[in-house]
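Inspection log for the structure reproduced underneath, given as structure tokens.
So that you can tell them apart, the chains are marked A, B and C in the order they are listed, and the count of residues begins at 1 in each.
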């Protein structure tokens, strides 16, 4: 791919020979002839002068230090992403139905779609143009999948789920499984509450490996346009996630919670049920969101960080006395030791 | 379904015309003609007068405000669950063995069982009446499955696992995988300890999507009758879970721990190994159960909740000094500043 | 298996008749004739005198109390592991390609390999001798698998992944899925950053059920020799895990982090991205590793432990005031109440 063409198509300023070609991407350190590298994180700035890349995507301020051709952009990471997407198109899938796949009655599978070995489509499934259903995927009755969406493989989509256009669903996902709803009887036994809602996933969504998204109890579970979910995320029934929100791995969202648009949620976050989170909220990894967040902003939380084990144990023992400690401080402020001083210092 | 019949079968008092029929369920807000709604959570009480449902299941105290027919029950959620289960029977599966499924020698598959495409049954598998084995499930040698149990799909059951009657196992589960057992040698390398126990799952158990249950090292891992496990739960080797206990998503239970009957465990809870939890214990989401719990009761715990990021960071830095802070308070109570005051306030 | 032979092969001292035979393993309590038991954890010492095992593997100090034959070793658990591995060899797989499996062009499948029903191998896949690819595994183009490695089943290995020799990959894993990389545009929408690195897994690695390992963005994700990963672990892109490190279930490792050799990481640990952990570090379950750990040692951390709910709530409310509390203590040490005393005690 000649640099001149890339510069024009992706709105970068080119410094160097427009006829130079790149055919792969690499890190500044590992790059060699033909490689396109990028510099977006200042931590890697020191690697720029020594790079052997053919070209580097970078910001104007760094262009002076570049020992080779460069594509200058005010947002070099986004420019790099677009160029790399051009160099690495999604794997081509051969249209048609592989041997060993089965298609239920009344399903609509366009000639441009590719159905992998072992895929099982129920009745009345509707696939858009160029949809790829990978090996061993199972689509229940009435599932709808939009144009250019790709289910990589071994994903189970229960009946009544709708997935939009241009989505990528990685391997091992389960979409539309029953929400966790049971009524407890007086004898302590549980009766299953039928989960009759569906799941609606918007356009341009990516779902990471082994992520699970439950169907709604009555209304639908909804994943907005452009949402990016990492691996091993759990989405409970009737959750609504706003457009262009990204969520990192192993986060869990309990039922009936609404998350706004353009949020950034870290990994291993736990979000309680029946709450809401405003648009443009960032939540750090490991935090516990136990109540509604009404204002955009950056929120921290999480487990106590790794520390020397005996010290951590002493501090955690003190946590269990924290309310008493606060009362003792108040008593001191009022002029004397608190009444529970004696028992207040019993931790090892 | 005529309301008169539902009232009789499910022990409700009917207020309204017994010939009125309902054929689906809906929320109070979304309900229209033919819909059965319910009111169990007082938070939705204000939606009752405006509902357009044909009938509502509710408690005696709410019956006066109901604008339509109602089915009155002292436990409206449980009554709703039973009626909804009647309106939404589990999906019918066609008995027989689908093309592409394989059945090992000596297996017993009754004519009433349904084996989906791609299912692989090993040798000596025994299935009860009306069992449904969904697409791409793999059952190892000697697996036993009780009457009316349904494995939705893409679940791997290792050899030597027993699953009871009327269970539902959602897609993507792994049952009977090796427990995590290794012996460390003097050189730091590990030798695998064979995991030769099995897994026994009782009757009326539901297992959520992508949940994993390891086989025992020597004895069995045991899941009691009526247990309900949500998605992405990890059950370690030799864990025993008592009857009618429910556990929410992403909780992990380390090896050789015993959980009592009728417990309610929240999501993302971490339960240490080699401990026990009494009957009738409730544990809040995100808690860390690091020691035995001997008494029934309600227990909290968990990561610190999401908070303004700089404030959270300051507080978490203080957590790392908590033991010293407590000692300083004690010194003040004794009449003077503690000896480590100088270094005690170094946090940003 | 005669005890005399076992003693010689595994370097134990035999006390008892070398002609006695054992053919299975059991706990001290459940053992009967023909059983081999072991005693490694002092907590079970009291069960030794009453055991009905044929033989017990134990340490020299316990040999005097043994009521039956014993195999004496300075490291009884490791000796037991090796003997048990001999009694329970991995399940034999019939070499050959099962009906319904498909093999892409240019793949090398030796006659000693066993390919299960529904397995799908892409183009140019290379398998070593005696490799077992279980039912419904999917191997993308160019995947390499070393001698004697076994993929139990329903695992998806994306193209460009290398797995070493003598590995075990449990069911439901996903290896080589795209790392979570997106560039945010000025309009808040994300562009996918192609993930063009691979995954390299060393020899003698075990990967637990439903674990996910993402491919690198540019360089590879690397799992060292002898690493043991439990179930439902998430390994982000470009993570490097050193040799003989073990990690318990549900732990997540964010992108570009390096973990040293011979580490022991507990379950549900969260490890931030772009950090490094030294060799020989132990991290307790549930901890949050938010920064680089430079020194070998034992580290604790984690959520607050389960406690009586109202007490925990009071303590957690105080955590939110901890920085102010510390300042109030400092003010007292300086001779007077702090200026924010009034608002400092508002928790319920």
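Here, a contact is a pair of C-beta atoms (placed from the backbone, for glycine too) under 8 Å apart; a residue touches a chain by one contact, two chains touch by 3 or more.
This one's a predicted model, so the numbers in the text were calculated from it and none came from an experiment.
Annotation, chain A versus chain C: rotation angle of 120 degrees from the Cα superposition, expressed as a multiple of 5. By the residue-number overlap criterion, the interface of chain B with chain C counts as different, with under half of its numbers used by both chains. Chain B and chain C have Cα centroids separated by 24 Å. Touching of two or more other chains is recorded for residues 100, 118, 136, 154, 172, 210, 232, 250, 268, 286, 288, 302-305, 307, 319, 321-322, 325, 329, 332 of chain A.
Listed in rising order, the residues of chain B touching chain C in the complex are 100, 102, 118, 120, 136, 138, 154, 156, 158-159, 172, 174, 177-178, 180, 182-186, 188-194, 196, 210, 212, 214, 218-219, 232, 234, 236, 250, 252, 254, 268, 270, 272, 283-284, 286-291, 293, 297-305, 307, 311, 314-315, 317-319, 321-322, 325, 328-329, 332, 337-338, 341, 344-345, 347. Considering their complex, residues 24-27, 30, 75, 77-78, 80-82, 84-85, 87-88, 91, 98-100, 116-118, 134-136, 152-154, 168, 170-172, 204, 206, 208-210, 226, 228, 230-232, 244, 246, 248-250, 261-262, 267-268, 285-286, 288, 302-309, 312-313, 316, 319-323, 325-326, 329-330, 332-333 of chain C touch chain B.
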